[in-house]
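Same chain, two partners: chain A is paired with chain B first, then with chain C.
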Partner chain A sequence: MVSPILFIVVPLAAAFLTVLVNRNAGARILALLTALTLSALAWFWFRADLSTPVSVVIAGIAPPMGIQLSMDRLSAALALLISVSGLLVILYSQSYLKSEEAQSKHYAVLLLLMAASFGILLTRDLFNLFVFYEILCISSYILVASEETKASFEASLKYLLLGSVGSLFMLVAIGLAYRVSGSLAMSDIARALGKADSSYAMLTAALFVLGMGIEAAIFPVNTWLPDAHSSAPSSISAVLSGFVIELALVVLLRISMTVFSSVNLMLPLRYMALAGILIGELAAFGQTELKRTLAYSSMGQVGLMLFALTLGTEAGRQAGMAHLVMHTGAKSVLFLIAGYFIVRTGKREIKSYSGLGRRMPLTGVLFVIAALSLVGVPPLFGFFTKFKILSAAAASGATGAWLGIAVILLGTVLEASYLFRVARTLYSDPEGENVKAVKGRMEMDVPALVAVFGFTLLVIFGSFLLPLIPSGLAL
Partner chain B sequence: MRKLIGILLIGGFAFYLVTVGMGLFSAESRSELDSVGSEILATSPDLSGAANTVTAVVVQYRGFDTLGEVTVLFVSALGVGMLAMAIKDGLLKNLFDDNGGFVLQAGSLALLPFIVLVGLYITLHGHLSPGGGFPGGVIIATAVFVVILTSKTLSIPRGLINVMETLAGLGFLAIGFVGLYSPAQSFLANILPKGEFGSLLSAGFIPVIYAIVAIKVASELINIISKLTAADSDSKEAAE
Partner chain C sequence: MTVPQILYVSAFLLILIGLYSLLTQRNMIRMIIGLNIADLGVNLFLVTIGFVDKGSAPIFRAQAAAGPMVDPVPQALVLTSIVIGFGVTALALTLVMRLFVSHGSIDTARIRGLKW
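Then we have the complex of A and B:
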């Protein structure tokens, strides 16, 4: 029998083992094999009939005393997204990571990050969620700091401070929830909070949303993101922007809509989303470094997804989920390519990349495709998802929907202008010192190219996957 | 900036006073689900066989969380290790440069077996009395730390410690798997015989898991201590 628990146990075991592996090649292969196994597992669950979710209890003790995990269609789809993204990023790291580094620890932490991601996705126990959330946060801090530059330490410290405060908020929320329900199972807490005093439920929900929202990079608590996502190694930026914030967002939404269903969180979240779009895109517009631009753009994109998911209609949730999948593909491509721009030129500013598109023709084309999809140009995946969000908003009649449409369109204009600015620089005439920049092979190494190509396929042909993307946010 | 912090602090305290004074955000009545605690108290002796109910909850009822906590410690240790390597000079090296003198050094070495013994006792009696793998592991690591505090001559077999750490981690998962593929068909299900209630060899797999946790905690902490106090050459050695 294939148990959903394998999603957590396999990467954990691999991470424990990886630390022992002294040779970089060994660690790389072990990580790659683990990611392959996880992808196969995820594929099995994605294909399985999950019309009724498959639940497993730990240690044979059913909730409310024990811990229960549950695999539903949404979890299976996200697990597939996480494991395939992880696989491609590990493939990319084969050539991207510098060979003299001690890579075994890097891969071990990356595998732990994946284990924790599956954990928060599958668990139906609020405290168990907190434990996996801690693992997710701590491994993110470590990965952000792993370039060991001053900027990355600063970014990691900022992230750590905010993340620790967020964990505390979450812990207090869990304590408050336990006080009224006497149980840590999400379904019990949902029932108990429904009967509790409404201000009590509101306090619990607000603390939880603010705590979890830090990892999901929701508007007022997303200040760590630009530093962390831009100072991390590019493979890690792709992971953090590609699926970690999205995953946290989905889990946050699922808990808001089930456990805290008695509290009306959707309206405030919707306005927070709009503020996030506006601020993220405006800040991205003003950046001069490519990775910082992309990081701020992630801030805006999270807002876009959150807006769609909080519209409160089925169409809105579908559109939000589809956009999430698209963003994973497009942002991963952009970050992974940005990593090679930095490796090849040694510079982070956009203006140093002039003429780079001609010297790295294949890479340049892939970059432009992903950028176009992020903006929402037909016939790429991004067009369909953005269009779906806009039409869902127009049809929903929710408060703030039309304001949202205006903000999204404004954000799109900003996004188009800064991404086209990058594309224009890539294909402009090289100027000054860039002319005699690095000689020899410029194109990405083969493993990296294959990985980026994989993500690009998702960006181009993703629209065919639309009917397969589930949207049910039930427990 | 300081004014802002002051205003925030005063505002927060005022908010606290107002909410407490007005009785906002309070839950007077508990719901019918209040029974989990008493249910655990009632079922624990039969279900886990452990005389210490807290241990039964930590290892059996919520063993999955404990696996998670072990992982939290593992990943934190990895992070500290990476940081210690980044800071070239051994973060705490200067602190321990002083030679403690013969009396302290000999004394700490003489203490070592006794501290380890206490750690082992606390670990192995975790299912009977307060204690268990986490405090036990910390106490065992303390034995090494005391020696390091007095002198730098202790050579720590890092390779062996790494192997033990990995084996302990894999052992925890293996016990989980035994449960998954046993008739109980549940990860971390307790399938070992429960033994006589209250005796040393009882409570099924709980002492085994606590022993594993102790090994993991102790080896991780010893690893951190040795990395933080190691001189430059040692930390490079550890990187390889």
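Then we have the complex of A and C:
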């Protein structure tokens, strides 16, 4: 059997090899091969029987002293999602990145980010989680700044300052947990916190959620998101919106339900989720730039997932996970296409894209499909996931569930109005300077088209995956 | 007050001072210094967790020390945390440098390209 540790070793080794190669063509091929290998690995684990999680002990030191990695069904499913979207984004970058730039660094940091993502999923040691989390954060700061424009430096610094404060809180929480348990293994800490004073456990849990919530873009600490996601190169926006925030969210919830199971975090998190939906969708409605609109929409969508995952029922968790998979597909499509809109027109405002749908027919259709799925129009995946969330909320009887349904429906109306506004602009008559600026066919390049098509397949046929999506958030 | 109590209080104060300057300063370099001060506070907090009164350094020797030893695990954590803090500070200063090159200022009030 292949060891789960390969998920961390392979991208890490490839990242440093990419820097050594330091040639654009070499880096591209190496990154693609690595992502292919990872996808194959993830597919193997996804198909494997994981009814009992497979554990690995690092360096032969048994836990709690050593670090334990564990692969369960949820980790395998998310690993598959991460590696496949990584593969498609790397494929897209083949034509999206400008060829005169040094691309090896870009791919190296992207691979580093993937290694950290797998690490966060697999580790069962709280401090090890912190280390992988820091690698994830630092590589996202670098990737956000990688376009080297004024706005991207500013967004990256903003993100870095907020993210560092978050990691400080997380480290204090880890210290508090260690103080009471004398161990860093998650299962030991869960046991010790259960016996500890309830206010002590509450403080630890609150600091941890606040710290990790920054990367998961939970409502009060998500102000970095619109700047970072809209200033990053579009391939990176797709990665950050597509799986990084979702991954942080799932891991955060898994930890709050296992390590901090003695503290009732679900109710406050549910209300924070609802506030996130409202603020995100309202702000997205008021934006004039496409990528900022999409970034705010991610804020709302994260709230939607968080709401479903915190309902406290099996159906709610299942619906939340399904919506997460849908969002990865749909938001990646939208960001990747928005990247090509910017490449082709050189402008970021929605109004400069008038008539673009006719110049890029295939791209336009893919954009509209993803937008419809995000809103939740029937035959597409998004309809099933949203419907499942609403019915799970209605059936759960949890506090705030009906308020949540009202907020979600209001959010859907707002979402539909701003996404349809973009779609209408794409197919309207070109106005002003767009008339002469836009000449002839300008479809996306082939690798990018293939990558976007891959994500679109997920958006259209994702509903067939529903029975395969695991729901357990166990340790 | 006992030694750990003094250390806990000073760690808490350091974190507060750091966060305060991060929130109130407009000079980006000072903001990063604030972050570093808060980082120091957290590191002090972690070391204090492993503190044992009259404990010796946790090194095993042939003739084992008679007295108690301090807990080595938090010290290992602090080592990692210092390295991470160093990396983040270096990256932050690089970003500030690039912002200074493009804007000619390190005052956050003058660098307002992105807003709500």
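Convention: the second predicted complex is superposed on the first by the 470 of 475 C-alpha atoms of A that agree within 3 Å, B and C clash if a C-alpha of one lies under 4 Å from a C-alpha of the other, contacts with A are read in each partner's own complex, and residues count from 1 in each chain.
Operating definition for what follows: a contact is a pair of C-beta atoms (placed from the backbone, for glycine too) under 8 Å apart; a residue touches a chain by one contact, two chains touch by 3 or more.
Fair warning: this is a prediction, and the values are worked out from it, not measured in the lab.
Chemist: After aligning the two structures on chain A, examine chain B and chain C and state clash or fit.
Modeler: fit
Chemist: When the two structures are laid over each other on chain A, which of chain B and chain C touches more residues of chain A?
Modeler: After superposing on chain A, more of chain A is contacted by B.
Chemist: If we overlay the two complexes on their shared chain A, which of chain B and chain C does A:9 touch? Say first, second, both or neither.
Modeler: In the superposition, A:9 touches chain B alone.
Chemist: If you stack the two complexes on chain A, which partner ends up touching A:142: first (chain B), second (chain C), both, or neither?
Modeler: Touch partners of A:142: chain B and chain C.
Chemist: In the superposed arrangement, does A:195 touch chain B (first), chain C (second), both or neither?
Modeler: Only chain B; A:195 stays clear of chain C.
Chemist: Taking C-alpha centres, what angle do chain B and chain C open up at chain A, rounded to the nearest 10 degrees?
Modeler: The C-alpha centres give an angle of about 30 degrees at chain A.
Chemist: Contact-wise, after the overlay, does A:22 reach chain B, chain C, both or neither (first, second, both, neither)?
Modeler: The first partner, chain B, only.
Chemist: One more residue to check, A:151. First (chain B), second (chain C), both or neither?
Modeler: It touches chain C, and chain B stays clear.
Chemist: Can A:179 be said to touch chain B (first), chain C (second), both, or neither?
Modeler: The answer is both, since A:179 touches chain B and chain C.
Chemist: Can A:171 be said to touch chain B (first), chain C (second), both, or neither?
Modeler: The answer is second: A:171 touches chain C but not chain B.
Chemist: Can A:131 be said to touch chain B (first), chain C (second), both, or neither?
Modeler: Touch status of A:131: both partners.
Chemist: Using only C-alpha atoms, work out how near chain B sits to chain C after the chain A superposition, in angstrom.
Modeler: Across the overlay, chain B reaches chain C at a minimum of 5 Å between C-alpha atoms.
Chemist: Where on chain A do the contacts with chain B and the contacts with chain C coincide?
Modeler: Shared contact residues on chain A (touching chain B in one complex, chain C in the other): 127, 131, 134, 138, 141-142, 145, 148, 179.
Chemist: With touch defined as at the start, can you tell me which chain A residues reach chain C in the complex?
Modeler: Residues 127, 131, 134, 138, 141-142, 145, 148, 150-151, 153-158, 160-161, 164-165, 167-168, 171-172, 174-175, 178-179, 184, 226-227, 231, 283.
Chemist: Quick check: in the complex, which residue numbers of chain C touch chain A?
Modeler: 15, 19, 22, 28, 31, 35, 38-39, 42, 45-46, 49, 73-74, 77, 80-81, 84, 87-88, 91-92, 95-96, 98-99, 102-103, 111, 113-114, 116
Chemist: Chain B touches which residues of chain A in the complex?
Modeler: 1, 3, 5, 9, 12-13, 15-17, 19-20, 22, 56-61, 64-67, 102, 105, 108-109, 112, 115, 119, 127-128, 131-132, 134-135, 138-139, 141-142, 145-146, 148, 176, 179-183, 188, 191-192, 195-197, 199-200, 203
Chemist: Across the complex, what residues on chain B touch chain A?
Modeler: 24-28, 30-31, 33-37, 39-40, 43, 47, 60-65, 67-69, 71-72, 74-76, 78-79, 81-83, 85-86, 162-163, 165-166, 169-170, 173, 176-177, 179-180, 184-190, 239-240
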